[in-house]
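Note that subunit A is present in both complexes that follow, paired respectively with subunit B and with subunit C.
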Partner chain A sequence: MTAYILHVCIIMVLFSMLSLSLNIAVGMTGLVSLGHAAFFGIGAYASGLMMLCGLPFEVSLVLSGIVTSVFGIILAVPSLRVKDDYLAIVTLGFGIIAVIILMNMDITGGPDGLTGIPPASVFGVALTSKPVYFAFCSSILAIMVLTTSRLKASKVGRAWAAIRDNDTVAMFMGINIYYYKVLCIVISSFWAGIAGSLYAHYTGYINPMTFGMQTSIMILAMVVLGGIGSIPGSIIGASVLVLLPELLRGFEAHQGIFYGALLVTMMVLRPQGIMGKMKVTDIFARGS
Partner chain B sequence: MLVVSNLHCYYGRIHALKGISLHVKSGEIVVLIGGNGAGKSTALKAISGIVQAASGTVTFNNNDITHVSPDKIVMAGISHVPEGRRIFPRLTVEDNLLLGAFTRRDSSEIKKDMGKMKELFPVLANRSKQYAGTLSGGEQQMLAIARGLMSRPSLLLLDEPTMGLAPVIAQDIYRQVIYLNKEQGLAILIVEQNARIALGLAERGYIIETGRIMLEGNCRELKQSNEIKRAYLGKDYREVWE
Partner chain C sequence: MGVILKVDSIHKSFMGIRALNGVDLEVEEGQILGIIGPNGAGKTTLFNVITGLIRQDLGHIYLEGKDISRAPIYSRVRLGMARTFQNLTIFRDMSVLENVMSGGHLHINSGLLDCILDSRKKRQEESRLVLDARALLRLFGLEDKADQEAINLSYGEQRKVEIARAVATRPKVLFLDEPASGMNPRETEELDSLIKRIRKDMHLTIVLIEHDMNLVMDICEKVVVMFEGSVLTSGSPLEVRNDQRVIDAYLGEDIV
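Coming up: the complex of A and B.
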């Protein structure tokens, strides 16, 4: 039983990272992404492959974040010329392409995925036991929360907020909006890559379907439910959406219905999310 | 200090500016008058680098800034207050002002300037933490101007600062504009639809119609010109319409 609770907790922490990293793009900068799970997947595969090649965990954890950021730049440079709903479609396409590539490459193991990914170990200490791994992931989430809240309160965060509110006027202020948008994607994808790496070494097995559109939408739902632009909201949103299916297990066949109905009710009653101040339409319906 | 010569701009296939030439000397208020769609705002946007010029040049303090990015132009000392009171509604008054100083790095001086803005526009003084979107129209315009001043410009571009405001508030705003010019020597280029206010305010003026400068000169002379009287000040209005 404890093992099961710890497992749910670890997944909660990993999805908190994903929803917080997506919130940096969606909530803080107004860049809506429907392909965030692709970054999660890129980080997972990068880390898994690096460790299978014999790199130590510490190195592949950090490198997987960096590799994912590089993919973030590859996506951002051409696609940030469009915004709002168009950007959402571009990122949706990116997510689909990423899964198809993972599914068809030999090095990634094709549709079967990667197996036998070694578990994490830091400076010779194996993190195989669940409580230890939970503590490790939580401390990384804590680092992420700290750096993100520092960023949010800094000049960079103000530039992001200005771009989110009105990117034309942000240009009038002398903000290089292209630079700050790319920076946002780099940071957002870095953290998603780290979450991917932690996931890969936790499960030891990854396959492309985990990183598809369904997961992307799930992460976006966590952001919206928790509150667009809110850091605690990201964690609460992720925790609720990971916990809910577990709590609804008793309803067996009707689980999906309750899950869906709860989501609908919450969004009707509180469209700005649990902790947020903005609605989804605030991101899309901006004057320019 | 600012010299625009033979500037052409396009929006897609629409030829918005068809060879505009104008200049602003330091410490001067210059006004650009014209109706809807005449190209007034485009001219300002081309100066501040938001809209790319197809041909022609913009020089500022003898440096060519025609194809310089908007952030570098702000750093060079030109600040553009966009039309329609475009403040950041979901950010606080304080954050709006800080964003105006985005290109600056001297944080202690920025703090001092925030204090100055609150003296200049007392309505902003007690509202630092209030969301800018909750301010009234006139207050938002004052915030927009204050935000524009936070970059410490030597030339301020004001795009229709009194559009949609009550006459009393418009007067208030122009009183501050004149103060900034007289007391601080700030050069100001104003775009205005209301020719009566504009000509009373500035030293020199340009009349722009469908992307071309039709008339230019001293405001006193412009006010006397029959053409201006007819098109912008309502001369012969009675004879024709009543």
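Coming up: the complex of A and C.
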């Protein structure tokens, strides 16, 4: 039983990282991504492959974040040159393509995925036991929360907020909006990659379907539920949407109904999410 | 007092329609220059070209003698241009203070690492920025609203915050696009003295587009009249007001 609870907690922490990383893009900067799970997947595969090639965990963890950021740049540089609305479409396509590529490449193991990914160990200490791994993931989440809240309270955060609100006016504040948008995607994808790495070494087995559309939408739902732009909201949103299916295990057949009903009720009664200040429509339906 | 801004035969067409047809403009340092003209004369298009929001087809713009015709907006801002917009463009999710602070973006030198590590340099710069922003709000008579959500201010106050935010970039030339639009007479009167005060205190050159003739005649040293994408005439407010072409094109009979 304890093992099960710890498992749920670890998944909660990993999804908190994902929803917070997506919130940096969607909530803080107003860049809507519909393919965030692809970054999660790239991090997981990158880290898994690197460790299977013999790199130590510490190195592959950091490198997986960096590799994922590089993919973020490749995606962001062309699509951010055009209007914001295109980013949603580009990321949607990116998410689908990423899964197809993972599914069809030999080194990623095709549809069977990667197996036998070694568990994490830091400086010779194995992180195989669940409580230890939970503590490790939580401390990484803590670092992420700390750096994100510092960025949010700095000129970077103000620049992001200005871009989210009105990017034309942001330019006249002297903000190089292109730079700050790319920076945002780099940071957001970096953390998603780190979450992917932590996930891969936790389960020891990954397959492409984990990183598809459904997961992207799920992460977006966590952001919206928790609150657009809110750091604690990201964690609460992720926790609720990870816990809920576990609590409703007995009613598996009706889970979807409950899920949908929760989101609809939320949008009607509190469109800004549990912790958020902004309404979801401020981001998604704003005129350009 | 030299020429701070020189606009040299700007042409701009939108899908074959000539919005600007060889516009020349010279603005003296410290001047308040008003641009007037009927709707569709190309006033805002000229603003957009000068400030870099749209690229001219032909022509050059010089700020303090430097050719900035192809410079991106953020470098024009760095060189000393700031503007406001016709419509409300306040940052809705920020407090009044944060709105003004975002105008100080270029005056913070802390890098990304400083921000992540919350370095001493970053904290010092941030607290200086807060002080500067509060001082600016005091000048605008908004110091007691600093910590309110910007969206909760009255229309006239929001427009003032927009000007304060633009001034926070520490411009040399400030462009105001219809600053008095939608303001009641009392607010317009306040704006009148505010513009004069910021020009004096911040050593600004101000270019403004305005339809409120009382405001234009009162604060501008020079008035440029635009009509159908060209400069019809320019001169002192008095000269312009008595120019028969201006009366025909824009002012009408009854104002004289």
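Basically, the second predicted complex is superposed on the first by the 279 of 288 C-alpha atoms of A that agree within 3 Å, B and C clash if a C-alpha of one lies under 4 Å from a C-alpha of the other, contacts with A are read in each partner's own complex, and residues count from 1 in each chain.
As a convention for this text, a contact is a pair of C-beta atoms (placed from the backbone, for glycine too) under 8 Å apart; a residue touches a chain by one contact, two chains touch by 3 or more.
Computed from a predicted model, the values in this text were never measured in an experiment.
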item: Clash-or-fit label for the pair subunit B, subunit C on subunit A; value: clash
item: Which of subunit B and subunit C A:L183 touches, first, second, both or neither; value: second
item: Touched partner set for A:F123, first subunit B, second subunit C, both or neither; value: neither
item: Touching partner for A:V156 - first (subunit B), second (subunit C), both, neither; value: second
item: First (subunit B), second (subunit C), both or neither touched by A:T147; value: second
item: Dominant toucher of subunit A (residue count), subunit B or subunit C; value: C
item: Subunit B/subunit C common contact set on subunit A; value: 155, 158-159, 161-162, 164-166, 168-176, 277-278, 282
item: Of subunit B, residues touching subunit A in the complex; value: 48, 50, 69-71, 73-75, 80-82, 86-91, 95, 98-100, 102-103, 147, 151
item: Complex contacts: residues of subunit A adjacent to subunit C; value: 147, 150-151, 154-156, 158-159, 161-162, 164-166, 168-177, 183, 229, 277-278, 282
item: Touching residues on subunit C, where the partner in the complex is subunit A; value: 51, 53, 72-74, 77-78, 82-83, 85, 89, 91-94, 98, 101-103, 105-106, 108, 110, 112, 114-118, 122, 126, 165-166, 169
item: Partner subunit B, residues of subunit A touching it in the complex; value: 155, 158-159, 161-162, 164-166, 168-176, 277-278, 282, 287
